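In structure tokens below, several structures.
After this come two complexes, each holding chain A, first together with chain B and then together with chain C.
After this line comes the complex of A and B, so read on.
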């Protein structure tokens, strides 16, 4: 009896969630089943069959996968270095610098990409000085890829660092005593021990990249990725059924990826 | 154990390169915001004129963002701390499901949440045109961070036992909540509060769809300046934003270092 009485204080949070998220989301999902003007099938069917939306979805998935793999490949050596050298001078400062961009919203990341690789960017200035050829990446897929790396790296490094710290050092020491080379120790001991952490971090990266809107919004609304397509359908064409259907598809995809990430992260945490 | 020299050198090189990649553009932005003419370069001289201009143009967005963040913080604390306590008391499957549900607005892109809010509540005129509409979006997005941080703070102490002991001695639920549970979860609440304010001040994806011309927040103003202002003004505005984030991030890091072993912080601005 005693404990049950506490349940009442969770009601405000639950009410707010149901009224402003769960029911609205259900309504949005229902709207996706509506028939857009001038069409004779539901928006979900359109979204799944029209090449225009397929292309957008394929672009988003391809770019997010590429950014995820690149992030893991770059973040792993950084995490290993930071985890294995706890006494490295300046480590705290370095960590703070690596973590600070976690707080940057996508719009700001997009602007930083423009400053680095846009028309008046450093990269362009350097390229012109060195080879005479201009080099502008910011306003297309390449710029978006750089932006994704920018916001994914700080998110991944911390997670992987914790996983590297969790590897039992005795195994590595034993392997070294038995004469295993550094490369063999990495491939045969470290990588298998890190598999679930890498998969979890990868799924988190993928979900984050799939749903990113602010970054691409700053870089240019001509880039054909799903969040921009949704935004266009909603604001420019007032095609609410299609915007709703695409949102639901995107929402399900990112939720599924994150669900996998959390399940794996919990498993690797409890295995430690 | 010894590390191979190649391993160490490669690790250090990549770490420094990544740091440069992340911090270099920030330095460019700071420089551009303080330079008289960025295209001429630093030789044109330093100035605070752009920052002053940003203040003249966008001061209202800065105050509004602080206001929204504060309102979001008050609401997430008032509803989130009790929810965290209930989740701590009942650590079963139902609690996990509830926490999973509350986290959905973070797992699903802000764009989808904003569209759902608009199709359901957008027809309520006074709400649609009010800054409260933005606050509701921010509460949905930040509540899971508050709940998680507070729960982490509650798990260290043997709170459930303490609470039962106090109940046996005849303390009312209200007294136990304010005199035992809240003080014990103090550091978790502070971490949660810093996270909520940091995320709210930077939130763009929801806010962009939920705002009206009269309820522009700082990130909305930033997007506006990126699209229509000269680079120096956009950079100065970004600089003001970074200066607002800095104390929050320093606070978060020192708290995280105290409360968790790895010192890692759980934060993810809307991308």
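After this line comes the complex of A and C, so read on.
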């Protein structure tokens, strides 16, 4: 294809990219540099220096990281089981149930968490009946954590199942005849084969968790996460510079975490 | 495990080994099979005949039905897990570990056994020399050719000094020309190692070249076991006769009128063509010149087709009528001795 023909394809693509990505992003970044009303420093400076925002960022990263790791830890054995047992009674039903919450908006997930672990929830009723002590998780960190698992697990199980199915059964059998125990086979053969899928699924979980809004909003916890803080600054205080600065920080923090995860995964893959 | 010790060959004895899948299908009828120490036995049969299942039972990846027993020498391994059985297996498609290079693949079994790094490195190089791949030790396995992969798989299997060596269709994944060459190499290597070996194949020529003895299987049964020559000359059943080379069968009144038997079976080269007027006659349908011989396709007067091989100077042409005489024939009435 000639240089000119490439231009015909490239121009619309570049136009779209500039119009819908570069310009709004530049505007957002520019807004963050503005000075909020009644302040004498830029919004970026405020966001980086005020403990309230710091706390929110720490909450978001910590919660997202924990939810991602927990999701991977739960999804891996479940995916392995489902991929290795293609026919057992009730498998289709189980699969449907696992995938079902996929389409729920965060609000519904939040509501489900309240139904399960709220003041009138199943868990509280059971706990009161059994021990007399109330047990309410929905409105604290535990509730948020459960809510995040709710929407991360269905996404992850599908991805990991496909990856497990891609492992050649003969690799594991070869390792077995060479003397490898189930644990060694898992560590030496399966995990390396799943590294890229685990990294990809983990990155998706983390990015989704970092931006989660509906669930947290519904649970109405005292704990602030960045999306909620941004929402507050934007709607309640009309503090657009701080909202913009926080958005940029959220984006950068997510990008940095994914970058580190990717680098580590690549390093461990090439070290073997 | 002492690495310097030569491989000590053990016999394999299967007694009353059957395999039934959970859904009730019988993969293997109960069978007894003995592989002598140091011998290479080829399991030959069409796909689905149970030969791979039998191989997987020997290495422990499938359990035998209750009542079966497998022994290596005097050691009963029926209930021993594959990890502890000490078998070297070359899988169909080779199953090399994609996350390890050539040397790491070959050394994996030794690493599992806790062999120290230095001894392991030596042993791996020894193995790679044996299969002539020492220059590729650091290469990634996805950068290897099919033939190289096959040799890495073999080196990996024998690096652990297995008690027996099992090969599942070791040459099937390769193209025809390479397969010819590797067959010769593999036969030489197995002889050099002197290890007891079972090879699964659906290729008759491969089985006859590699196996000291060949076991022909069909539909979960052992049809016949013997030296390649015995199987070819004295097949115990029509299935064996047909699977090992081509067998022609003729029957009916035309045959009985001339030979006094109900049916005749013979190999294409066991027939002589001559001028008509002397015995059973047939019409030549086609003639193929193949260099070392000529292949004729013929039909009897009642329409039964058969094949004959003749010297390259045979004058007969399609459309001509010839008399056929058997040089060495077997009849259905007198089955060949086993």
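One rule holds in what follows: the second predicted complex is superposed on the first by the 223 of 272 C-alpha atoms of A that agree within 3 Å, B and C clash if a C-alpha of one lies under 4 Å from a C-alpha of the other, contacts with A are read in each partner's own complex, and residues count from 1 in each chain.
Here is the rule we use: a residue touches a chain if its C-beta (ideal position, glycine included) is under 8 Å from a C-beta of that chain, and two chains touch if they have at least 3 such contacts.
Quick caveat: nothing in here was measured; it's all calculated off a predicted structure.
Visitor: Now for A:151: first (chain B), second (chain C), both, or neither, which partner does it touch?
Guide: So A:151 only meets chain B here.
Visitor: Which holds for A:250: it touches chain B only (first), chain C only (second), both, or neither?
Guide: In the superposition, A:250 contacts chain B only.
Visitor: In the overlaid three-chain picture, which partner chain does A:96 touch, first (chain B) or second (chain C), both, or neither?
Guide: first
Visitor: Between chain B and chain C, point out the one touching more chain A residues.
Guide: B
Visitor: By the touch definition at the top of the document, which applies to A:184: first (chain B), second (chain C), both, or neither?
Guide: After superposition on chain A, A:184 lies in contact with chain C alone.
Visitor: Considering only the touch criterion stated at the top, classify A:173 as touching first (chain B), second (chain C), both, or neither.
Guide: Touch status of A:173: both partners.
Visitor: When the two structures are overlaid on chain A, which partner does A:193 contact: first (chain B), second (chain C), both, or neither?
Guide: So A:193 only meets chain C here.
Visitor: Does the superposition put A:109 against chain B (first), chain C (second), both, or neither?
Guide: In the superposed model, A:109 contacts chain B only, not chain C.
Visitor: In the overlay, answer first, second, both or neither for which of chain B and chain C A:210 touches.
Guide: First partner only.
Visitor: Is A:78 touching the first partner chain B, the second partner chain C, both, or neither of them?
Guide: first
Visitor: Output the chain A positions appearing in both contact lists, the one against chain B and the one against chain C.
Guide: 173, 176
Visitor: Going by the contact rule set out above, which residues of chain B touch chain A in the complex?
Guide: It comes out as residues 1-4, 6-8, 10-12, 14-15, 18-19, 21-26, 28-29, 32, 38-39, 78-80, 82-83, 85-87, 89-90, 98, 101-102, 104-105, 107-113, 115-117, 119-121, 136, 139-140, 143, 147, 164, 167, 173, 177, 198, 202-205, 208-209, 219, 222-223, 226, 231, 234-235, 238, 241, 245, 248-249, 253, 262-265, 267-271.
Visitor: Any idea which chain A residues touch chain B in the complex?
Guide: Within the complex, chain A contacts chain B at residues 2-3, 5-7, 9-10, 12-14, 16-17, 20-25, 27-28, 31, 74-75, 77-78, 80-82, 84-85, 94-116, 120, 122, 149-151, 153-155, 157-159, 161-162, 165, 169, 172-173, 176, 182, 207-215, 217-218, 227, 230-231, 234, 240, 243-244, 247-248, 250-251, 254-255, 258-259.
Visitor: Of all residues in chain A, which touch chain C in the complex?
Guide: Touch list, chain A to chain C: 168, 170-171, 173-181, 184, 188-189, 192-193, 269, 272.
Visitor: Would you pull the chain C residues touching chain A in the complex into a rising list?
Guide: 59-61, 82-85, 87-89, 91-93, 95-100, 108-109, 112-113, 156-157, 160
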